[in-house]
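Got some structures for you, see below.
Next, two complexes with chain A in common: one pairs it with chain B, the other with chain C.
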Partner chain A sequence: MKLFLRLLFRNRLAGFGAVVLGAIVVLAVLTPVLPLHAPNETNTANRFLRPFAEGHLLGTDHLGRDLLSRLMWGTRLSLAVGFAAALVAGLAGAAIGVIAGYFGGRTDNVTMRGVDMLMAFPYILLALAIVAVLGPGLLNALIAVAVVNIPFFARNIRGITVGIAHREFIDAARLAGMGHTRILLTEVVPNVVPVVVIAMSTTIGWMILETAGLSFLGLGSQPPQADLGSMLGEARSALITAPHTSIVPGVMILLIVMSVNLLGDGIRDALDPRLRSGALARPMAATRVERKTVPAPEGEGLLRIDGLETQFHIGARVYKAVNKVSLDLKPGECLGLIGESGSGKSVTALSVMGLVASPPGVITGGAVRLNGQDLIGAPYEVLRALRGRKVAYIFQDPLSTLHPLYRIGDQLIEAIRVHEPVSRAQAHERAIKLLEDVRIPNARARARAFPHELSGGMRQRVGIAMAMANDPDIIIADEPTTALDVTVQAQILALLDDLRRSRGLAILFITHDFGVVGQLCDRVAVMYGGRIVETGPTAEVLEAPAHPYTRRLIACVPELGGGRRVLAAIPGLPPAVDDLPQGCAFAPRCDKAQDACRKGEIALTGAARQVRCLYPEVAP
Partner chain B sequence: MTLALKTTDLARTFDIGKRLFGPPRAQVHAVHPVSLDVQQGETLGIVGESGCGKSTLARMLVGLLPPTSGSIEIEGRALDRADPAAFGRLIQYVFQDPVSSLNPRKTIRQIMEAPLRQLHGLKGRALDDRIAELFDAVNLRPEFLSRYPHEFSGGQAQRIGIARALAASPRILILDEPVSALDVSVQAQVLNLLADLKSRLGLTYLFISHDLAVVEAVSDRIAVLYFGSVVETGPAESLFAAPRHPYTKLLAESAPVVGRPLGGAQSGELPDPLNPPPGCAFAGRCPRASDLCRSEVPHLRAVEGDQFAACHHPITD
Partner chain C sequence: MGGYILKRLLSAVPVLLGITVIVFLIMAMIPGDPATAILGSYATPENVERLNRHLGLDEPLWRQYFIWLGNLLQGDFGRSFALNRPVLDEILDRFSATLILAGTAFVLCSLLGILAGVVSAARQYGLADKAITFVVILGISVPSFFLGMMMILLFAVQLRWLPVSGMYSIWGGGDLPDLIRHLTMPAFALSVVATGVIARLSRGAMLEVLRQDFIRTARAKGVHERRVIWGHALRAAMVSIIPVLGIQAGFVLSGAVYIEMVFQWPGVGRMLVDAILKRDILLVQGGVVFVAACYVGFNIVVDVAQSWLDPRIRT
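Let's turn to the complex of A and B:
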C-alpha cells in the first residue's frame, strides 16, 4: 500500500489529481454541515447576482438561488451518481465478463453477442431510450448510464478471464475437487479485481460526464434538485447575459473529470506490474556506464572481455549480476558459457553490445574490446553500427524476437538494409539466399510466411538467418535450442557448427546443457553467482572438472544410456546476487568447503585451464 | 502385480473451425486410440516431442478433458465421466510450470487446504496436522505456509505443487514435465524427492517429459509418443539402448551426448495434423519406409521380449 502511494505520487499529475479530487470529495461530504444557504431557497429579487456579491460568494442564478450552495449540493449528487453508476456497471459488467470468459464456448458466444448488440447502439441513444421507458429522474439516469457502460466492463473482464481460465492453477483447483462456483469466487475473481478497479477508476469521470449530459437534457435530476448537469441546463438561456451561472458548474465538471482521469491513469500505471518498475517507460538505447578505470587489455583476441562488472540497481539494492568476468574469443572459435539461471551468463552476453536494459542495468567496470576497440561507453552510433554488423545475437525464443506482424522475408530485408545501402530487390535475393543457407526448404515461398506460421525449429533458423544477414564476425547465441525438441535441437546445432566452420564465425554459446557444450564448443567457461569459476578446453573440463561446482553440476545431469538410477543432487539453492557470501559463492553448498573458503577473495588461477577454488578437484 | 491404470483405446479429437450449427470444418486427432497398462508401483515414462499429444493424454487421464472415445480404469474401477473431483482422490497431476500452477493471490496455506477440505472434508486440527505432515514429506519449512507463491524459487514452488497433489492422497501421480522448468542442480533434488515419495507412499507414476535422459533415469518402462500414437514401449534399460522403432532411434541419436559428433540428424517435421498421411505418420522422415508404410497404419506388436513397436519394419539386431 505504501509502495502503491509512493508510485502514485511519483507521477506528479496523478498526485495533483488525487489532491484536487480529495478536496472536492471532502467538501462534498461536508456540505450539509457547512454554513451555506439552502440550495432551493428562491429570491427572485436577487436574481443573477454576480460572483463576490455580498452573502453570495459565487452569485445567484435565475431564481436568485445561491450558486455556491447549489454547486456544493450539485457536486455531491453528481459524484454520488457517478460513483454509483461506475460501481453498478463495474459489478454487472465484471459478473458477465467472468462468467462468459470462464465457461467459454456457447455461454460465451451468446452473452458476448448480447453485449455486442448493446454496444451497437450509440450510447446516448441507448441512454435516452432507457430513460424514455423508465421516465425521467436521477435514479433512472443512473440506471441508463450504468447499463450503457456494462459492455465496456464485460468485454474487458472477459478478455482477462479467458487468460486466467486457461492458467494451470484453475486446473489444479478443479483437481482439488472445487466446483465451478467456488472456482469462480475464490480463484478467478481475486485475480480480476485489480483490473475492475483500474477500469472503474478510468471510467468514473466519463460516467459523471454522461450523467451530467442526461441532466442537462432534463432527463436526470428534476427541478428544483440541483446537480451539475441540470445547473448547466438551467443556465443555458442566460449564457450571454449571466455567463457565471454556466461557468461555475462547468468549471466544477472540468475539475472533477480531469482530476478523476489523471488519478485513474496514475492508478493504472502504479498497479500494472510492467509499468511499475518504470523501465518500460524510458529505456535507454544503450546500457548506462559508470566505470572509474578502464582495465588494460590482457591479451589478443577478436573479442576480449576484461573484468566486466554489470549490476542492477533497484531501489537501494545492488544486484551484482556480472562480477569481474574476463573472457576471450578467437576467430572461428566456439566458447561455451555455462551456468544456471541467475548465474549472470545472459547478462554477460548482453553487456557486450550494451543491450542490458537501463534502468536498472549499469556497467560499473571492465572493458569489452572488439578488435581492440573498447565498446563499453562507446557512443550509441558506434554501437549501432556494430550491432548486427560485427556482433549478432540469437535468442532463446524466436517467436518473441521476430515481429509477429511482418513477413519473415521483409524482416530479413530490413536487417540487411539497415547496414548496407542495397536496393530492395537485391536485399530480397540476399534474404532468400540466407534462408537457403540455414536450410529452410522452399525458401522463396517461406519468405512470405509470418512467424506464427512456422514451427519452432524453422523460426529459430530464421533467427539464425537474421543473425547471419550482415556476415558478422561473432555470433552470441543465448540458449538458442532450449525451447526446441531434441531432434530439432540436433539439427540447429549441426547448422551452427556448419556455419562456423564454413565462414570462420566465432560463437559465444550460452547454455545450461553440458551435452550441447560437449558437442559444439572448443572451450567452456562455467559461471556461478556472477563469476567465472572454471574455464578450459571443453574435453578437459568435462572429463576432469576442477571446481567442485562443475563436478557436481555434471553429476546432476543424467546422461542417456545410464539406465535407472539415483541422481546426485546439489543441496541448497544458488545464491542471490544481491547478497553474495564472503569468499567462494559455492561454499555454503560445497561438501569440501573449509573455513578459508568463506573469507576474502578467491582468485581465478591457472593458465589455459583456470579455476577459482582453494581446494580444486584436480590441479589446474 | 495389480493394474493401477489401464486405458483402452483412449482417443481425443479436437474440432477446428466450430460453427454454431452443423459439423465443424475439420477435425484434428490429437491422440489416436491409446491402450496403456501401468502396474501398481511402476513408473511409466512417456516421451515425445511437442505436439505429440502427451499433454492431451495426461489431461484426459486426470479428467480435465473428456476423451472422445475409449475408457480409463483405475485399480479396476472405470472412470469415464470427466469429473476432476471424482478422479481427484485416485489420480493427481503435477504441473510443468510450478509458479503458474499456484494462484498468485492465495497463500500457500489456502492452496494446500483446498484439496484437503474439498476431497477429504478435513477441518480444524486434523487439517493443520495433515498440512504439516505433507510439508514435512516434501522437505519444506512450515513458515512458508503464510507466504505467497511469487516468493518462492522454481524448485520450492514445485515441491509445493507436489505437496498439493499428495494432499488428495491419490494412488497415481501424473507428472507432466515436472522438472523441465527447473535448473539442473534443483532438478535432481526434485527427482530424488519424487523417487523417495514413491517408495514411501507406494505411488504409481506417469512421468511425462521431452528429456530422454531424465525419463530413462526415473522410469521402469517407457512409452514413446509420435503424432498422437504410441510408437514404441519397452523397459527403460533397453528402449533407448536398443530402439526398435526408427523414431525412437532418431530421438536417442539426437540427444546431446558429450563426445558424440554433431550432424547425421536428418531434417524433417511433423506431418500436418489437418491433413495426416494415410499410413505411418513417421514414414516421411523414416529411412526404412516402404510403400506399405505409406499406405497402412502399423499397430503396436511385440518385437523382442517386452519391447513393442508400431512399425512395419522394426529394427532388429
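Let's turn to the complex of A and C:
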C-alpha cells in the first residue's frame, strides 16, 4: 500500500489530479456551511452581472442568481449523481458478472448474450430510450447512465470471475460442502471487490460527464435545481452575450473529469507491474552507446570484436551481460559461440549491429570492427546500410521473428529493395530464387503464404533466405535450430553448411548445444557469466576441454552409440550478472575451485587455445 | 473472405432482433396509456379506445411485438404524432445530416488519433510524447458540448472565421464550400474525445508491437526506421487499433447528439431529444432502432476490415 501511494505520487500528474479532486470534493461537502447566497434566490435586477461584481464573485446568471453559489451546489449534485451512478452500475454489473462467471454454462450464455445486445447500442441511444420512458429528471438520468454502463462492468467482472471459479480454493470449498451462496459471498466476492473498486474509480469521471450531458440536453435535472450540465444548458442561450455563465460550469466539469482521469490513470499505472519494471519501454532504432575509450584493434580480420561491454541498466541496477568480450571472425570461417541461457552470447551477437533493445541496453565499451571500420557509435545511417547487406541475422524462433501480417515473398522483396534499387518485379524473381536456394519446394506459390501457414522448418528456411538476400559477408545465426525438432534441425544445419561453403560466408553461430558446434564450426568460444572462458579449434576443445566449465558442459551432452554413461548435470545456477562474484564466475559451481579462484581478475591465457582458469584441465 | 462476410452478416441477424426486443420492451414499460399520451389528457374515452385498437394496443404484448416488427421490416416505422409525417421519412431526412457530421468526425479522429499515437510511441518519453499525452488528457476530459460552445465564442463570435451554427447559410448557401464552413467546428468538436482515446490506445498498441521480435528482424534487415515504425509496427498495431475504432464510432455517434444541439445541426440526435421532450414515442422508438441498426452494420464493416488486415483470423 505504501509502495502504491509512493508510486502514485511519483507520477506528478496523478498527484495533481488527487489534490484538485480532493479540494473540489471537500468544497462540495462543505457547501451548505459556506457563506454563500442561496442558489435559487433570484434577483432579476442584477441579471448577468460579470465576474468580480460586488457580492457576486463569479457574477450572476439570467435570473440574477449567484453563480458561485449555484456552481458549488451544482458541483455537489453532479459529484453525488456521478458517484451514485458509478456505484449502481458497478454493483449491478458486478452481480451479473459474478453470477454469469461463477455458474457458467447456460446462465452465462444467456446473460452475456443479453449484455452483448446492450453493447450493440451506441450508449446514448439506450440512455435516451430510458429517459424517454421514465421522463426527464435527474433521478431518471442517473438510472439511464447507470443502466447503460452495467454491461461494461458485467463483462469485466465476468472475465475475472471465470478465472477465479476454476481455481483450487473454490473446488476445495465445494468439496467441503459449502453452498453456492456461501462460496460466492466468502470466496468469490472478496476477490472481485478490488477490481470493481478500481473500475468504478476510473469510470466516475465518465459518469459525471454523461449525466451532465443528459442534463445539458434538458433531460436531467429540472429547474430550479441545477447540476453542472443543466447550468451549461441554461447558459447556452446567453452564450454570446454573457459567456461567463457558460464558462464557469464548463470549466468545473473539465476540472473534475480531468482530475478523475489523471488519478485513475495514476492508479492503473501504479498497479501495473509491467510499467513498474519499465518493460513497456520501446527499443530504439539502434542500441545506445556510452563509450569512454576505444580499444586499439588487436589484429586483422573480417569481423573483430574487441573488449565489448554491453550492459542493461534497469532502475539503479546494472546487469553486465557482456563483459569485455573479444572475438574475431575470418572470411569463410564458422565460429561457434556457446553457453547456457543468460551467459551473454545472444547479447554479444546483437551488439554487433546495434540491435540490443535499448532501453535498457547500453554498450559501454569496446569496439566492433567490420573490415577495420568501427561500428560502435557509428551514425545510424551507416549502421542501417550495413545491416542485412554485410552482416545478416538469423534468429531463433521464426514464427515470432517474421512479420505475421506480410506475405513471406513481400518480406524477402523488402529485404532486397532496402539495399538495392531494383524494380519490384526483379526483386520478386530474386526472392523466388532465394526460396529455391534454401530448398523450399514450390517456391513461387509459397511466396504468397503468410508465416503462420508454413511449418517451423519452412519458416526457418525463409529466415535463412532473407539473411542471404543481399549476399552478406557474415551471417550471425542466433540459435537458429533451437525451436525446431531434431530431423529438421539437421536439415537446416546441412543447408547452412552448404551455403557457407558455396558462397564463402563467415558464420557466427550461437548455440547452447555442443553437438551442433561439432557439426558445423571451425572454432568455438565458450561464454559464462558474460565472459569468454575458453576458445580454440572445435576438435581440440571437444577432445580436451581446458576449462572445468567446458568439460562439464560437454559431459552434459548424451552421445548416440556412446554406451552407457552418467550424464552429469552442473549443479547450481548460472550467476546473476548484476551481482558477479569476485574472481572466477564459475567458482561457486566448480568442483576444483580453490581460494585463489575467488580473488581478483583471472586473465584469458594462451594463443590459439585460450582459457580463463587458474587450474585448467589441460595446459592450453 | 466472401464466406467470412456472409458469416458475419448472418451473425448480425440475432443482434438486430435483440435490439428490436430491447427497444420494444423499454417502450412497453412506459407508464400509463400511450393513446392518452398521444391524444392528451382531454381526450374522450371513446377516442382513446379507438386509437388503442387502431394502434393494436389491445393485443397481447408478444403479438404487438410481432406486428411492430413486421411493420418495421416493411419499412413502416409508424407516424410521428408531433410532426404528423411518417417516422421513416423524418429519420431519413435527418440521418443524412448526422451521417455527414459523424462521418467527418470519425475520419478526423481516426487519422489524428492514430497519427498522434504513433508519433507519441515513436518518441516515447520525448518532448512530443509529453505534449501529446497532455493534450490527450485534456481532450478526453473536456465535455464536447462545452468545447463546442467555446469554439463558437472564439471562432464564430470573436474571430468571425466560421458561422455560428446550422448546416447551410440561409441566404445564398447550399453548396459544398458552405457546408464545409458550417461543418468544420462541429466535426472537430465531436472528434476531440475520440481522438484522445484513439491516440492513447494507438500509443499503447505501438509500444507493445515495437518490442516484438519481428521489429528487430526488420531492423536487422536494414529497413529504415521510418518504415519500421509506419510500416511494420503500425500494420501490426492496426490489428488492435481497428476494434477500438469500431467502439469509438459508437461514441462519435452518441456525441453527435450534444454537438447537434450546440450547433443547431439538423440531425437525428436533435430530433430524438425533441421527440423525447414532446413524448413523441414512435419517433424515439424508430430513431433508436434505425441508428442502432446502422451501428451494427458499421461494426460488420469494421470486422471485415479487421479480417482483411489480419490473415490469421480469416481462416
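Before moving on, here are some points about what is shown:
FYI, the second predicted complex is superposed on the first by the 433 of 620 C-alpha atoms of A that agree within 3 Å, B and C clash if a C-alpha of one lies under 4 Å from a C-alpha of the other, contacts with A are read in each partner's own complex, and residues count from 1 in each chain.
Keep this in mind: a contact is a pair of C-beta atoms (placed from the backbone, for glycine too) under 8 Å apart; a residue touches a chain by one contact, two chains touch by 3 or more.
Note that this is a predicted model, so its numbers are computed, not measured.
Of the two partner chains placed by the overlay, only chain B lies in contact with A:455; chain C stays clear of it.
Once the two complexes are overlaid on the shared chain, A:53 sits clear of chain B and of chain C alike. In the superposition on chain A, A:544 contacts neither chain B nor chain C. Of the two partner chains placed by the overlay, only chain C lies in contact with A:213; chain B stays clear of it. When the two structures are aligned on the shared chain, A:604 is found in touch with neither chain B nor chain C. In the superposition on chain A, contact of A:238 is made with neither chain B nor chain C.
Looking at the shared chain after the overlay, A:314 reaches neither chain B nor chain C. Those residues of chain A lying in contact with chain C across their complex are 13, 113-114, 116-118, 120-126, 128-133, 136, 205, 209, 212-213, 216-219, 232, 236, 239-240, 243, 246-247, 250, 253-254, 257-258, 261-262, 265, 279-283, 285, 350, 353, 355, 357, 380, 384-389, 392-393, 395, 397, 400-406, 414-415, 418-419, 450, 452, 466, 469.
Interface of chain A with chain B (complex): residues 109, 167-169, 171-179, 182, 186-187, 190-191, 340-341, 439, 441, 455-458, 485-491, 493-494, 497-498, 512-516, 518-520, 539, 542, 552-553, 556-571, 573-574. By the touch rule above, chain C contacts chain A in their complex via residues 15, 18-19, 21-23, 26-27, 29-30, 121-122, 124, 137-138, 140-143, 145-146, 149-150, 152-153, 157, 164, 206-208, 210-225, 227-228, 232, 235-236, 239, 250-251, 253-255, 257-258, 261-262, 269, 272-273, 275-277, 279, 281, 284-285, 288, 291-292, 295-296, 299, 309-312.
By the touch rule above, chain B contacts chain A in their complex via residues 20, 49-50, 59, 62-64, 84-85, 87-88, 92-93, 95-97, 100-106, 114-115, 118-119, 153, 155, 161, 164-165, 167-168, 183-189, 191-192, 195, 210, 212-214, 216-220, 236-237, 240-241, 250-265, 267, 269-270.
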